[in-house]
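Got a structure for you, written out below as structure tokens; questions coming shortly.
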Amino acid sequence: MSYYFTILSPTDVPLFNIAFGTSKSGGDGIARFRFPDTAQYMNQFIIHSSLDIVEEAQWMNGNMYLKHIDTYPPAAAYITAFLAPSGARFLLLHQPPQLPSTTAPGNGSSSLLGSSFSSSALSGGSSSRASSSSIGANPTSPQTEEAVRQFMNEVYENYVKTMMSPFYRQGLEIKSPVFRSRVTAAGRKWL
Amino acid sequence: MSATKASRIGEELWKTRIDKVNAELVTLTYGTIVAQLCQDYDSNYQEVNKQLDKMGYNIGMRLIEDFLAKSGVGRCSNFRETADMIAKVGFKIFLNISPTVTNWTSDNNQFSLVFDENPLADFVELPDDGRAQDELWFSNILCGVLRGALEMVQMQVDAHFVSDVLRGDDATEMRVSLVRYIEDEMPPEEE
Amino acid sequence: MAHPPRHSAMLSLSNSGSSANSDKQQPPQQIQHIANTGLRVPSNRKTIYDRHLNRSRNAEISRSSFAFLFGEMVTYAQRRVTGIQDLEKRLNEQGYPMGLRLLDLLYYRTITSSTSSSLASSSTSTAPPNRPLRILPLLHLIHGPLWRLLFNRPADALEHSVSPDTPNEYMITDNDPLVNAYVSVPKEMHMLNCAAFVAGIIEGVCDGCGFEAKVTAHNQPTELWPGRTIFLVRFGESVMEREKVLERAGIK
Amino acid sequence: MTVFSLIIINKAGGLVYQREFQPGLRKLSTNDYLVLAGTFHGVHAITRSITPKLPLSTASTAATTPTSSNMPPTPGIPNSFTPGSAFTFPNPGTPATGLECLETDKFRLTCFQTLTGTKFLLFTDPIMGNIDVVMKKVYELYADYVMKNPFYQLEMPVRCEAFDRHLGGWLRGRT
């Protein structure tokens, strides 16, 4: 499972991003995206395509952790979101490893609003991929949601620490190497 | 008046005579002031240091009256007693900290205040612009406060920071030296 | 749904390493912008990331220190402006960034505190508090938890303007604002209210939550409360539009 | 227990505050108050300078030896540390305060000078007790509502509404 995590300002200006692989079940933490050479732009594209859903979900669901909000079938990837109250958006792209000849699951990215609004994020479109209990394979499995929640909370704690310094103005790119190592550590710990 | 007696007075006054507010309100307010100065003087840190010292001087000339009114202490008989009064009573009743007095010079006219905690610098990380950590003294207002307050009780002193944990040093230390006792009673003009 | 101004620019950051190898320190191979050498840290390697956010939660400092600092902030601002509006605007701008910080600090504290007292008084669930989706929960957040964090007590009143042509106006009242406790504004400047600083904090919180608003502080002295101040919160058109949509969608 | 009026004099001898607290007191013109303040300031300085100095041998052996006691010499007094002079104040530990109290059969004037040189003059009826409690409270109110008021300029006349209000409220509450 490979991850691409990004923090966007309330006006979608990118503040931080990082790519890493799962460390669970023997993972070495290195990202291996489907299309390695265009991975960076591909991931950004997928993230940006889900911003409309985040925009709507933001006013429908009062939680900070919005869980699984969108799926990008062509890359069998899906996105989970977390909203900081001060407007910053944490978006995590999950891309399962390349399984031989699996067909992408049925329906496309059903927006949250499309299906009747229910408390669990996405009830439809259970993926036909081999459902394994490993983190991330099944977007709505309790282990995945819990793991991503812990990851997001830990990143949020470090984001608040960055924000509390009087010299950090909202919308400033977060360049601190310590912040980056903290996010990496959180990824290694939970994902 | 020994240092322990001064600390007892400080503790007693803090418990019984001082109205208190949430420390974070002061921390964030001070942070806003410094950030605003850095913006107004577009990161000319020498100028920001000067402005902070001037602001502190203006505060010190007023704060001494509050200190005397609340503590009711009499005139110190020598500079060593003044140092304990500053560290164990002054800083205690205003910032609820007690810096250590150390590094006396043989002529008893110079000492250091070492701060193991500094509420003004809580949450703070200096800008990573390759200059701030060499030029900015974040808590410089405290030097001005000492200078202004002591000038009102006929002691001309010089106060400046020699190290700060925000700059990556291991301790925050301020050097205070007695320049002279002021003879005439003429009021110092407000800078 | 109203969208804040959007940048469609693709991610321009260049410091995203394609692979973050967790064990060895990844050599900074960013090309364009100079890699940050990072800040010097004391030998105990302590940074703001090692400082627990709740450490100073109940810490106290003398009220005089705040009064002197705030007084100097006003004096400094006064020297750089002409006129009361400018002075209030500057004080507002100094409070604004504090509003954003306090907002996140407040929410962080309720996620981690075991007794996650619900922030928005309307929601009773013990789950982490909800981000305010409507104006009322937002104002409750300000009137209660934010005021308690700043001033150790809730604000004194929260009202909706009665006149039909200003449905977007709400009022938060503080009978004795801490910031004005020792301030005596000269007669010739009687329109000035230095609590514009607190108005800036409120504005930061509103904008942070996505409720774009203008907040101003107004003197409303009474015999009992000579320092009584009304914070007038005026929400933008886009907020009122959204309120209607969410009302229909049954979001409380 | 009646407080008649309060006068505050800045360190240069200028009148910065004057207020009556009892109705029916004879009013002085503002100019007279200015003269009163300046004169009092002069008299006060004189009373400090005429504090008798005793030969060192008879003075109580002060704890502070002359060399290390860099106590500030009281202004206006010839520096008593000049080598060879063996005179010192009766109690070298505490500086001479100058005029503290002035009494007639109708009123008592108590003067409290702060270490910063500001003088508070309190006119009360002669039999009133615990004047120092009142004086300390006035000094605290001054430190709070004058010193912490950003619109007050140091050494200038005090026109702080909050100071008037709290002073009046506190004194009224006590009479």
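When the chains are written out, they are named A, B, C and D in that same order, and each has its own residue count from 1.
Everything that follows uses one rule, which is that a contact is a pair of C-beta atoms (placed from the backbone, for glycine too) under 8 Å apart; a residue touches a chain by one contact, two chains touch by 3 or more.
Quick caveat, the model's predicted, so the values are computed rather than measured.
Participant: I need the chain pair with the most C-beta contacts, please.
Facilitator: Per-pair contact counts point to A-C as the maximum.
Participant: In angstrom, rounded to a whole number, how far apart do the mean CA points of chain A and chain B lie?
Facilitator: Distance between chain centres: 47 Å.
Participant: Using mean CA coordinates as chain centres, what's the chain A-chain D distance in Å?
Facilitator: About 70 Å, centre to centre.
Participant: Indicate the whole-number Å distance between the mean C-alpha point of chain B and the mean C-alpha point of chain C.
Facilitator: 29
Participant: At what distance in angstrom does the C-alpha mean of chain D lie from that of chain C?
Facilitator: Computed value for the inter-centroid distance: 46 Å.
Participant: Any chance you could list the residues of chain D touching two or more other chains?
Facilitator: Each of 144, 148 in chain D touches at least two other chains.
Participant: If a residue has to touch 2 or more other chains to count, which residues of chain B qualify?
Facilitator: 28, 32, 35, 62-63, 66, 70, 123-126, 128
Participant: Chain A: which residues touch two or more other chains?
Facilitator: Residues 161-162, 164-166, 175-176 of chain A each touch two or more of the other chains.
Participant: Testing understanding: with touching defined as stated, what is the shape of the graph linking the protein chains, line, ring, star, complete or other?
Facilitator: Topology of the interface graph: other, matching no listed pattern.
Participant: Going by the contact rule set out above, which residues of chain B touch chain D in the complex?
Facilitator: For chain B paired with chain D, touching residues are 61-66, 68-70, 72, 74-75, 77-79, 108, 152-155, 178, 181-187, 190.
Participant: Would you mind writing out the residues of chain C in touch with chain D in their complex?
Facilitator: Those residues of chain C that touch chain D are 64, 67-68, 70-72, 74-75, 78, 182-186, 189, 194, 226.
Participant: For the complex, which residues does chain C have touching chain B?
Facilitator: So the residues of chain C in touch with chain B come to 36-44, 46-48, 51, 56-57, 59-66, 68-73, 75-76, 80, 94-95, 97-98, 101-102, 105, 149-152, 178.
Participant: So in the complex, the part of chain D that touches chain B is made up of which residues?
Facilitator: Interface residues on the chain D side: 10-12, 64, 68-73, 75-76, 93-95, 114-118, 136, 139-140, 142-144, 147-148, 153-155.
Participant: Give every residue of chain A touching chain B within the complex, in rising order.
Facilitator: 161-162, 164-168, 175-176
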